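Chain nomenclature is as follows: A, B, C, D and E, assigned in order of appearance, with residue numbering initiated at 1 for each chain independently.
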Amino acid sequence: MLSTNALAFWVLAAITIAAALAVVLSKNIVHSALFLILAFVGTAGIYILLHAEFLAAVQVMVYAGAVAVLIVFAVMLTRRGDIRASNLYNSSYLGAGIVALGLFIATSLMLGRMNWTAGGGSMAANNVEAIADAILGRFVIPFEVAAILLLVAIVGAIIVARGVKEDR
Amino acid sequence: MAIEGIFTAIIEFCQGLLAGTPSWLQTLGLGVLYLVGVLAFVFLNVLYLIYLERKLSAYVQERIGPNRFGPHGLLQSIADAVKILGKEDITPRGADKWVYIIAPIVIFIPATMLYAVIPFGKDLIAADLNIGVFYFLAVASTTTIAILMGGWSSNNKYSLLGAMRAVAQIISYEIPLAFSIVGVVMLAGSLQTSQIVAAQEGTWNIVLQPLAFIIFFIAANAEINRGPFDLVEGEQEIVAGPYVDYTAMRFGMFYLSEYANLLSMSALAVTLFLGGWHGPWLPSWLWFFIKLYIMIYIFMWVRWTFPRIRIDHLMGFNWKVLLPLSLANILVTGVGIKIYQLITIGRW
Amino acid sequence: MAEVKGELQTQEFELNMGPQHPSTHGVYRARLTLDGEKVVKVENIIGYLHRGIEKLAEDRTYTQFIPYTDRLDYLSGMLNNLGYVQTVEKALGIEVPERAEYLRVIMAELSRMASHMVAIASFVLDVSGWTAWFPPFRERERILDLFEMTCGSRMTVSYMRIGGVAADIPPEFLPALKSLLDDLPQFIEQMHALISGNEIFIGRCKGVGKLDIETALAYGVTGPNLRASGLPFDLRKAQPYGCYDRFEFDIPVLTNGDSYDRYLIRLLEIEQSARIIRQAMESLPDGEIMAKVPRVIKLPPGDYYHQIEASKGILGFYLVSDGGTKPYRLHIHSPSFVNLGAIPKLTEGSLIQDFVVTFASIDIVLGDVDR
Amino acid sequence: MITLNHYLALSALLFCIGLFGALAKRNAIAILMGIELMLNAVNINLVAFNFFLDPSRVVGQVFAIFVVVVAAAEVAVALALVINIYRRFQDSSVTDLNWMKW
Amino acid sequence: MFGRGLIKGLRTTWHLGLGKAITEQYPERRPKLPPAFHGSLSLDPQKCNACGLCARACPNNVIIVDSERGEDKKRYLSAYTVKLGQCLFCGLCVESCPRGALHWLPDFELACYRFKDTEHVLYKRNPEGEVSKGA
């Protein structure tokens, strides 16, 4: 008899993996992006199983927007060709497959041998406050750095995308 | 009061029926109950929202509005629903078939999930999540994807334009929407909707956060593609935007989801700013409904008064006006809370 | 390597707007080349409403052609009637009775008001001001009621006759007209409150589709569109026909030449038309409504041209006669057709939404364009 | 009973799929998607470790949030680069981007 | 600026919303049509002498006047048909009638299912020679 938790885990894991595979294997870039959303939603579900509701909401919110933008770009930039064959493999896909498979086998082997020791304690029921305390307390400097990183990234992205105007 | 607890009694009754069964069955049973309840609520309300919208627009425009089917045309929406079910279901050639078919279903998923965190009355909340408001925003943001799916898969230039607009508009306006809520969250000290409502027992947040309410209202209008911000449909420019090629029930699903979003957004506004279910004399859920419909009325009133905004003004207004204002609001709220604390308890 | 441009560029694509589109005012079609939301190129495609009216004229007697002129610019049937019958009268040298002249002026100005109201209403509708559509149409309905009680039809009036008008006004006409004119300020007030003062509307229209005088003249744009660009040119003043020289009125002029001014000038012209009608109403003489006209009208051989200020600009009729009972050739210089020519020039480089706004502000009627 | 290893295995699988996508795809946007998948796998790892090994503190979740932030920044910059590439080559395929030989 | 126009607009729509509807409920409330309304044509066969002026005045050849010569060598009307499907409702025929036999009826509900029903026979003489009024 499966517990509710275990059932949810297996369902979500299956959805996530299947969606991720579809992202990689789909030949249509827009389909890939749509499956990516499914993978993200599955991941968000896994976060909820791990009592990280806040992170799950962040995941959905940020990635829904991000992926939507990705799709827009995908559509815009592949308008010229056939959308049904817009997401093809490059010449080194065989090598890539071997590398990925090898990495997976290696990690699985290692995982089987690991013996984790739990640190004890239990998770607070309302961990939103704990996250807030952590971000604005212990991790305030990384938080600010991340903010600056975002700002720099936005400015950089705008400059790169628009291009610097030549002197007239 | 007996009417007060009518819905909680129903839920308790259903829970009693499920008592003794395995836990997963209880979860599933309650989930199904939630889904049935929400769907019934959404469909009933939406049918009458459509009627209400048509009637209100008619009154504003010195017309009579639907009045043929049923007394005062009260059954008009049902007739329309039957009609739309009987229409030919068209899938355009060249459309991305699966995406095209799934899009109207996908748009309904967030529309129904949103109601989980709305406290409809005292103890009348499906899932009192600790991230309530944030959950609402996160789920609401996925509507973009469904619109984008519909717009792209129809393989129509008008719908593609509409889908692009949807992405630009909804993603941009999410930011001031979220930031306007931050003030409320700071006052309540929690993201939990039930606690936000509890914090408004004395004064409603609209009094404490008038600017946030205005920003919220504008951004919400843009989020649900209504009123002066209905660029996604943009009937005069891009005909019906992403819905151009949809017919029959698929179009009906989009149409319903628009009103479902209006309903949920108004419910959120009531929860956050209008004191939720608080109110004297009447049962709490009735108060919630009264406020909900006042809010919806304002949304409709605005829609039938204003012309559509231009796309570059839309973006400029968001980034240059709403966003700084909402940030300023957060700052003022923070300073205000600290000053209040200084006055009342004598320390920061 | 492709050239790097300063602006962000994406693939351009063609969008076919019309003939079935909510804001192409009939069956106009534009082939737009778009770069995202930006309009790069506009191509007018017309002809979807071509009925061959000019050719039909060659098979109709001069009187029989009057009903067809209603169907040119079907929003201002009276003005088309007037232009045509005055052309024939000019060719024959017929003196029209006083009362008929005054009735013609009243009807023509009412027609101009009705046409402008439709222009305003559809313009407002094209910026999605659903509610503001109703006041103009409400008032227009009353004008059409006036037409209906006089000549039996609302839009295709066929009221003017060669040498006069078809019917005298019924007794209830003048009181109804007076109450209509008295309610006009309220209507204009409502429009200002609903839409002209609305910030969103101003943002949509101010500076959109700017037309300067030189371009307007180069394209031959006339009527309110020209006056909105700053040139006070109105045939009723510049080259008075009928009995327009007896009335006192102003030519409203605005200077910006953008869509907002083109909207506003129509409201101002409605006011001026009301002024003319009031004067004509007060000094309406009694008497005949038809001049003595031969039963069979034959024009002496030659060619005749007459133009009037229609609601959308200069409406000209060019008649060639071979001496028979039917025109040898009739050419209609229609304002909508000429004004439409300026659309690509005005809209290239603007947004798709601006295209709709500019197109609506130019105010064309496809029946007038395609003839 | 679902243990930490289950989550880690899931995460590893997701990571490898993402890696394969990032390595084997021709389209720059598809590569971006692969990278997003990998980052997600990492996040699952972080949250799972947090939940099973040190639940009293939320360091893993906080770290995951930082990862999301960085991912967002990365997407913005990467898309800008893709636009620039597209503008130059009228194509978003990375296989042609070989003008920088050393 | 700053939303004053917006608020003014909201106020206007509020007042409009409280006002009375100006539209009419058509089948229940019949429109009051003026007597001059150009609806359908009607003919007074007693006055008509089948001169055919109306048919000639018509721009679209809508009117067909059939006449016969009687024993007294006078022309009289045998049938009068109006192809309303092509009618412009301009009224030139009514004006052209020297005897006032033709006039308008304010009947505007002329929609019919078949195209041939748009041909209105205003008068048809029975073979027996009796005078009867057509549709």
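By our rule, a contact is a pair of C-beta atoms (placed from the backbone, for glycine too) under 8 Å apart; a residue touches a chain by one contact, two chains touch by 3 or more.
Quantities reported herein were computed from a predicted structural model and do not represent experimental measurements.
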Shortest path length from chain B to chain D (each step joins two touching chains): 2
Please find the path from chain A to chain D through touching chains that uses the fewest steps, and give that number. 1
Between chain B and chain E, which partner chains are common? C
Just by CA atoms, which chain is the most central one? B
Taking each chain's centre as the mean of its CA atoms, the one lying farthest from the centre of chain E is chain D
Distance in whole angstrom between the CA centres of chain A and chain B is 27
Once you find the CA centre of chain A and the CA centre of chain C, what distance in Å lies between them? 60
Let me have the rounded angstrom distance from the C-alpha centre of chain D over to the C-alpha centre of chain E, please. 76
Taking each chain's centre as the mean position of its Cα atoms, how many Å separate chain A from chain E? 73
Interface hub residues of chain E, defined as touching at least two other chains: 6, 9, 12-13, 16, 22
Which chain C residues touch at least two other chains? 4-5, 8, 13, 131, 134, 138, 194-195, 198, 200-201
Residue ranges of chain B touching at least 2 other chains are 60-63, 164, 304-306
Chain C contact footprint on chain B (complex, rising order): 57, 60-63, 157-158, 161, 164-165, 228, 230, 234-239, 304-313
Okay, in this complex, where on chain D does chain A touch? 1-2, 4-10, 12-21, 23-27, 29-30, 32-34, 36-37, 40, 43-44, 47-48, 50-59, 61-62, 64-66, 68-77, 79-84, 86-87, 90-92, 94-95
Enumerate the contact residues on chain A facing chain B in the complex. 1-4, 7, 28, 30-31, 34, 37, 53-54, 56-58, 60-61, 64-65, 67-69, 71-72, 75, 125-128
Which chain C residues qualify as touching chain E in the complex? 60, 63-68, 70, 131, 134, 138, 148-153, 156, 158, 166-167, 170, 190, 193-195, 197-202
Touching residues of chain E toward chain C in the complex: what are they? 1-6, 8-9, 11-13, 16, 22, 33-38, 57-59, 88-92, 95, 104
